[in-house]
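Chains here go by letter, A, B, C, D, E and F, matching the order in which they are written, and residues are numbered from 1 within each.
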């Protein structure tokens, strides 16, 4: 059954990103997949409240604000998902007793907003120069009523789907899988599968998301390398 | 129509919801044929069940576990209480320790409309009553600059005054379980006046139809009353009689509490 | 916690010294606005405005709800302006209740659009007493580099004019809401488009004046004055906030300057809506 | 000569030396490079520089949040004054401590009295992850002020750390081009703050904007841009 | 030896002050000793060498099995972890008081002038404590609103356990130096005399 | 009391006791490295689970669930309200988890903590599909049942999600909805408690949570192990054996085989729970 926007089942929407667009935060990025679009601004390492202070590592705090309406428990849920995903990727031991604050503002939500939030956070952290063990790329997919698995579902597709799956992978993990490694050997950093699905559906969606995460990572890599090249061609002095 | 206030930190339901009008006649009316609906005599208390300490074995030290806890049942009333401390208090005074109490009804605990999550004025008032009733019994001078916190949650309540006295008994058990230094165990009991007859330990139905309710919390060994609250009109002699019989029931509750606590020490928590 | 740093003494002194000579730190003339960039996204009602480095996102959404019992034939208009740490350090009110700045900006926009009855709420009625449209305007501040109010008012007006709501046909008791791709959606009926122009005043007696203060100017100014004008050259709102008292003659001068500014802002909005 | 390559966080850096040094040689990993689970990899995005003789690898990345390092010159703003010194904001996580006596020739009786909001040019004396950083307004080894101290008058603006490093490291093309046209004083802090002072505010604004615009221009474009600004002035 | 072991609840009358001394777990009120905690009543014969003028009275106390949580008192010896240091003071999370655990950590500070008995003004905080060290100290005052004041002036007080930069636990080699056995690096600390 | 050996034991006990309080996390990790847990369970063993229904008479549906020390009471109050304009014949199921300072020292008094909000949201999403909201309709467009399910935690000892989900399933099964009609003239809904009907659940949910401590996969981690664990995987199955949710939270990546391993042991766990439910 062809998709409303005539995309292939394993085709993600057009990706678009801007780095360093906000000037008051230490690092910022806008990430959009189709009409789903998210801003992310990162402060860090900055001063931390005495109560939350950890003596051997930086505290990671995530604040998510929705596109419309008052923020509620849904946003606390996304905040805890993003914090969990980056808790280990950020090398917090290098800046003990400080705070790394990730502020996410959803611009528009047309499906797979969690994945866009994770990707925007990765780019904002890199733009802020926060030490990262690895970059994280996320993708989501949905199993429709007729059993077909489609990648990067729009809001409409996700609402009518039997189950929606979101995965995030670390860059090195994707590299290993990319070079022909069996998908079993990869380890996702974040998994959220909800709805009514079988283990086979889960595996199918796992592979689909792994491949589209590869494409997202490649896109992010070229975007960041482009910015660095622009900045550094005058530093060869 | 009672409006549910929007709470940003919880999942919210519809803005307005109300209890349906119940057409069936519900349970039996109290005091209809002289005696009480559940067949108790006028000064008979409801059966009391107490369980202190962790339910399953606590193998190693856990920094987040309470130092003492108690689960208390009196008839349909069910209350759970946990005691933390002595620990660093927010407001601490160097000579004496401080004792804070926190009281909360579970949203489903009352027979009528669901209680909102945010604490109402009556819950704050009861928390103060519990604090004032228990503080005289605690040897606060043994805990300078530290503070002892008790948290009480009512799972099911049946009679407002009966629930307050049950909460006091529950905190006493929890404090004893926590090994906090006490002058004595505080026992409490409530009574209601119905057609110029004092009835002990009334449930919600009986309390609704009674003219006056009263509860006493008492330290039997030194025969000191730590808290006395009466709500409703009585003649002075009626109140004297009530306080007298209530003190005797407190002694009976005290006996039950002591027997349980001694038994709990003989065979350690399963 | 992320905290805002006050400007240093030499920045303050330099700014006043330069202003006396009619020079501004970012090289603008004292009556010049910063470059204004309005981008309308393909989805209706989503507009991003950049005034210099200040960046505001306005989003208009609508849904069907029950009207207030006391005004059964009027639709609802709701506002929400939230400032987060994204816009500037320390803006996020950790205590849950909105910060002072957030309330000030949100009240200003609400006064400008609701009190001046910019949107025709009667036109939002579907079935009197039963169903009405509830239009909601969300303002997200992405970058606070001075003069949030002007940027927010431009973004609100542009978003309201850019927004389209689904078409509705009523037969008897029933109201059919047509899907967007079935029948093309209908714009809101907007009486007039109020735009804010903000002036900053400096110096001990507040005689140095400039338009569209940037962040440093906003932190150093002793008083600020906002005029709200619409395209019919009517004053919709006036608000003078802060310290030094202003001479009435100054208000006339500001209104004249504001009139010219409002005209070219409206042209820019028209241009952006056409694109 | 240091060969350069763009790296992203997570990229493995092969530190196998072409010269047949024995394996257990000590590698010196500069900022932006770290050893994670027995592999040396980049932790920041930027241009990888490596120097085989000294076996050193580091990544030059453009950040905005300053992390103090010993000996670096910084421009700070005094935020508070207490007991044994001033609390100075240098844009790092914790405010830096500037002891009362950390000035050339300062003694218990006569020492500079700085008001809150004063701008100072100082060097980082103590910087470790355990304690708040400390700065001093003289070179404690030589005892001379070497240009450090209070900065009076002029104007201060913020820029990215990468630009600040370029303005200090070499004969920055934009500063030289401007210098030939207008006489001005400049103090560049590696924490991304630049202080400029000339007689007329107009020229100070011109120089500030010139420096800010030079971030993404190479040497030739810088000279061209400065020439145009000077003529227009 | 203790006579019959009876379980008592708080507020029980145990004996007269003429016959017994009141020990832990009991309190005295107008001439009578009462139990103050739930536990077993025990009587302990007085030790021989009490001062001869007081008649040798056995001590009456109530003992309780599961842990009783302690609080810092002036003069008690504490074990705690250094949380944060600045040139003027080190803030310490007090975890044990006289070998009894605290239920939650109490906040204490060691001011720089209370680290060492001698040359008080030459003491450098950075060379005495590091965040993460476990120290043994003495409570010298109930301190201010938030923290107890601690001191490590005595020889047996100071750092008991510390990890080096490389992360291995270090061994004290002098009263002010500790060494990392693996990397041989030496770090400055105010060490406690190891209890043999 | 002979002095030497008991004082010897006291010395060791004291050292062990101090070590347990000072290096709490290190102390726990020692157990795991010797392939055991501090309460003697095997790595894949769940704690004793007790489910009792109908424990609160003032609620229309209630249950008490205990997994080890973690104790939770779920009460459902049924009230009447107007349906949403967009969904005229759908009722409401509002789930909230209360983690008050009573159940653990980890939670501070005042507004609900992040953990409580995330748990409430997750359970709300899970049960959104498990209950057929159309069966809650009294009069389409005018009056529907609004079930507010409050899950109050009495004692927190890890694995709150499993306990809360089980408590809600049990409470929903224990729910007795009185027969209700809307008197369209007065707009008042009247209900007769003597004729009560049960709510038909679309599917019953069986949760199982696994925690990853360094490299050890531990089932049903209690509070001490949860503080050590960097990652937790929640697997929820429905009674027809299909999956309803796989949710991996926390820092460390978990290999795909480990997730499949979790699914298998979750299937076993589902069998054992379905007997007790």
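Assorted remarks:
Convention: a contact is a pair of C-beta atoms (placed from the backbone, for glycine too) under 8 Å apart; a residue touches a chain by one contact, two chains touch by 3 or more.
Molecules present, by chain and UniProt name: A = Exosome non-catalytic core subunit rrp46; B = 3'-5'-exoribonuclease; C = Exosome complex component RRP45; D = Ribosomal RNA-processing protein 40; E = S1 motif domain-containing protein; F = Ribosomal RNA-processing protein 43.
What you see is a predicted model; the values in this text were computed from it and never measured.
Separation of subunit D from subunit F in touch steps, taking the shortest path, is 2. Centroid distances from subunit F, each centroid being the mean of CA atoms, peak for D. When the C-beta contacts at A-D and at C-D are tallied, the pair with the greater total is A-D. Taking the mean of the C-alpha atoms as each chain's centre, subunit B and subunit C sit 55 Å apart.
Chain centres here are Cα averages; for subunit B and subunit D they lie 65 Å apart. We define each chain's centre as the mean of its Cα atoms; on that basis subunit E and subunit F are separated by 40 Å. The distance from the centre of subunit D to the centre of subunit E, each centre being the mean of the chain's C-alpha atoms, comes to 48 Å. In subunit D, the residues that reach two or more other chains under the touch definition are 130.
Under the contact definition stated at the top, the residues of subunit C that touch 2 or more other chains are 96.
Residue positions of subunit A touching 2 or more other chains: 43, 46-48, 70-71, 73, 76, 96-97, 99, 170. A complete list of chain pairs in contact reads A-B, A-C, A-D, A-E, A-F, B-E, B-F, C-D, C-F, D-E, E-F.
Per the touch definition, subunit C reaches subunit F in the complex via residues 63-66, 96, 131. For subunit C in complex with subunit D, the residues that touch the partner chain are 5-14, 17-18, 21, 23-27.
Contact residues of subunit A toward subunit F in the complex are 73-74, 76-77, 79-81, 84, 87-88, 169-170, 173, 183-199, 202, 206. By the touch rule above, subunit E contacts subunit F in their complex via residues 79, 81, 95-96, 99, 101, 103-104, 134, 161.
Within the complex formed with subunit B, the residues of subunit A that make contact are 70-73, 76.
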